[in-house]
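Order of writing sets the chain letters: A, B and C. Residues in each chain are counted from 1.
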Amino acid sequence: MTDITDIIRFRSGNAPLALRWPTQRFLVRVGLHVLVAVLALMVLLPFLWLVQMSLRPEDEIFSDAVLFTPTLENYRALWQGNFAGSFLNSLAVSSLSTGLSLLLGVPAAYVLTRWRFKGRARVALWILTTRMAPPIAFTIPFFLAYRVLGLQDTVWGLALIYMTFNLSIVIWFMQTFFAAIPESLEEAAWIDGCGVWRAFWLVTLPLAAPGLAATAVFCFIFSWSDFFYALILTRTNAMTAPVAIVNFLQYEGWEWGKIAASGTLVMLPVLIFTLLVRKYFVHGLTAGGLKE
Amino acid sequence: MAAVAIRQIRKSYGTTPVIHGVSVSIEDGEFVTLVGPSGCGKSTLLRMIAGLEDVTGGEIRIGGRIVNTVPPKDRDIAMVFQNYALYPHMSVAENMGFSLKLNGIPKSEIAVRVERAAGILGLSPLLGRLPRQLSGGQRQRVAMGRAIVRDPQVFLFDEPLSNLDAKLRVQMRTEIRQLHQRLGTTTVYVTHDQIEAMTMADRIVVLHDGKVEQVGAPLELYDRPANLFVAGFIGSPAMNFLKGWITVDGGAFFVTESGATLPLHSAPAGSDGRPAVYGIRPEHLSIGDAGGIAAEVSVVEPTGSETQVFAHVGGQEVVAVSRERVGVVPGQSIHLVPDPGAVHLFDAETGGRVN
Amino acid sequence: MPGTLSWEASRRRAYLTGLVPALVVLAVITVVPTLFLAGASLTPLSLVDPASLFDFSNPLRNYAELLHDPRFLGSLVMQLQLSALTVTLQLAVGLGLALLLNVRSSFFEAIRTVFLIPMVLPPIVVALIWKIIYTPDVSPLHRFLDFVGLPADSFITSASTALLAVAVADTWQWFPFTMLMILATLQMIPNEPLEAAKIDGANHWQTFRYIIFAYIRPALIVSGLFRLIDSFKAFPLIYVLTDGGPGSATEVTNYYAFVQAFNFSYWGYASAIAIVLLTGVFTLSWAAGRLGWNGDEGE
């Protein structure tokens, strides 16, 4: 009779002394694979349910039939409505916010990596804490300020508040990528004839390009996925896709096909991008948590 | 090509001084090595000449011009780094031509100069390759090629051979020396390996704890080291040091702590009874049956071309090196006879040379 | 040359120009609003009385009121309950799955991406998914319950189950986070202590308790703290699933602040709640920082 702790010792292929017979080991291994596959399916089920709902014809939404002929009717109806506008707003805000954050954050990250000045640790800590604050703390002041400044319900207004988290993401991530590039390369460039920023542009940045791309993707995903700021700070002009979904729920709560389609559309770019940068995920998780 | 003059250079990081008033004068076209143990400040000094580090006090002149506040790119120098510092995303040709491109030199001329440097270093077939496709020795040559192309007034080398294996290091040493003979550019070369310093330099600067211990031609440092530190640093295996006193009793003698009495050619006036350190290089000790220092053999290491004999003398270990095959065995009692003309005497307190 | 900057000095100047814009923008969008928030929390600012922005006559009135506000105090209880639930569930599920997946298998490496999906989905989509699951008409869960003869009412419309329902949805979304952290640590455990334990005669439970647990404790603490801090910000799930209800059954402190600010427009009062939240989050973050970086005291 084996339990999970035995299975832990499978890790490097060492057979625990308790399981001496190959057939026993094999069976346990097979059983384990089946179990994990089932669990994975269970985890995926809610997500798959949404996707299949988006492809169901309207009249079959409530039926018990498992099989159906998939249709893109929901997506077509969705796109002909206001949703297209909100989708484009999401695109605009995310791109704008990502671009601004990169523009400001990348040079700042470089300076924080190379320049050892007093108080550097404190600045780094401050940047980290800006990510910790609950959004409500920023939303109230920004909401009131935007009413006065006329930035309420604008793409620029939303992009600006997204910088509260995107800037710190850019600085935090890019610092690690810049630190991996040896300073002697930049020193060689200085001797060859570059100033500080020219060497950065011609030598450091090209070498950090993959990290830059991954960081840009993360910024885009975080902006795209935001709900709270968009809910409070937009009305009709700058409404983003996540808010549009909730609108559907509140005003067209019976058109489940369309609602499911809107959810699937919003999630699609995120899934695709995540697949592209999945190897940076553990890097990002552990960079702020466990000591290396 | 220019002379480099370093005068009373001081360097502090914050309040911690690391270089305490170093002055060196390098002639136009000379090959000078800065040598010393880790932390002696040789790399810092080189980087100050390059302009990568600020000068806290003193003056650096290149070609007669004070360059203390001149940025590295305007000093007309080229540097070869320990880890080569080749731009990984550029080809060999692009690496070598980078500085010329930055200075707006037309592409045609860049091509000519790069090809010429590549020819000198045997890099012509590698011009299109990326650094990661090259071996260590090839990368080192590209780093040198990058420096040559600029045709600077001064070459600076920062321990360029430390990352290479022993055999390659010997080969590159000769190549660098030949390059210098061919181009004649003033060169400042930093290394912690005294053999490299001895074989390559016109003059050696020995540094220790941010101060100059001695400056001179290699053989000068070998034959007449100015103090204990230089004596122990130059030469491999290192010089043997025996503590004791100088006595003048009819002739000049040195009495070691272990009781041996060794003849001296001469002793400075008034040094009778003076505590001192007796230095004798392993190659100047011959192994015999009588006289000199009594010792007991501990280890014998034959290398083929010579034999190193380690022996105990009164609680201390002494090394003797002989070109001939010596038939001694561990445990044997022998006598180590020093060559009186090759004796070095140092003051026991200051470490300074006495004879 | 007098008047010319040395290289290091001109480098410093170059560095400043690269750093200052980002710091200025960051200061404007984080420090300024926070100061404003603190200031507003001392006033009775609201939509009906916008001029009261500068009314500091009774600065602590909002905080005093908070102490007597049953809805606020109730929200604190809700928050603690929700946080405790979600962190415990996420650590448990994360640990279980991490132990399960800690096997060398290319299948498992591929499967890990599947387990990542809940965490990377936009939170609003997660809320939507679970809204569907908790709506009996279209829910696979309810259909299954009907099928096995245990029909049930919607879990989010019943005060006794609403909080749990939200916690389950939150766990589905975030268990990959704890799972990944623990799995990464598990895979770093060297073989030797485990083998030595086996030779010493430890049984499976003892091996886990005395050896494996010691190695993963830092990961448990750090991921638990991260999830705890994040649990204070929970919003889309509650907004979509329950709207704080039924009644106030799922109205956590963050949500209460939202209601005060954007339903009632009592901005001064809401600011005070937000300041309370901020203090709590910062204290926890500080604790997390201290522990996370010296994670394994007693290892």
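Following the convention adopted for this analysis, contacts are C-beta pairs under 8 Å (C-beta built on N, C-alpha and C of every residue); 3 or more make two chains touch, one makes a residue touch a chain.
It should be emphasised that the depicted structure is a prediction, and the values quoted were computed from it without experimental measurement.
The chain pair sharing the most C-beta contacts is A-C. Taking the mean of each chain's C-alpha atoms, the chain whose centre lies closest to the overall C-alpha mean is A. With centres computed as the average of Cα coordinates, no chain lies farther from subunit C than B.
Separating the centre of subunit A from that of subunit B, both taken as means of CA atoms, is a distance of 55 Å. One finds 60 Å separating the Cα centroids of subunit B and subunit C. Rounded to whole angstrom, the centroid-to-centroid distance between subunit A and subunit C, based on C-alpha atoms, equals 16 Å. Residue positions 51-52, 71-72 of subunit B each touch two or more of the other chains.
Residue positions of subunit C with contacts to 2 or more other chains are 7, 10. Multi-chain contact residues, meaning those touching two or more other chains, occur in subunit A at positions 190, 195.
Taken in their complex, subunit C has these residues touching subunit B: 1, 4-10. Residues of subunit A that touch subunit B in their complex: 182, 184-185, 187-195, 198, 203, 206-207. Against subunit C, in their complex, subunit B makes its touches with residues 51-55, 66, 68-72. Against subunit A, in their complex, subunit C makes its touches with residues 7, 10-12, 14-16, 18-19, 21-23, 25-26, 29-30, 32-34, 36-37, 40, 97, 99-105, 107-108, 111, 113-118, 120-125, 128-133, 137-138, 140, 143, 172, 177, 180-181, 184-187, 191, 194-195, 198, 204-205, 207-208, 212, 218-219, 222-223, 226, 229, 232-233, 235-236, 239-240, 254, 257-258, 261-262, 267, 270-271, 273-275, 277-278, 281-282, 285, 289, 292-293, 295. The residues of subunit A lying in touch with subunit C in their complex are 3-14, 16-17, 29, 32-33, 35-37, 39-40, 43-47, 49-50, 53, 61-62, 64, 104-105, 107-108, 110-112, 114-115, 123, 125-127, 129-130, 132-145, 160-161, 163-164, 167-168, 171, 190, 195-197, 221, 224-225, 227-228, 231-232, 242, 245-246, 249, 256, 259-260, 263, 266-267, 270-271, 274-275, 278, 281-282, 285-286, 289-291.
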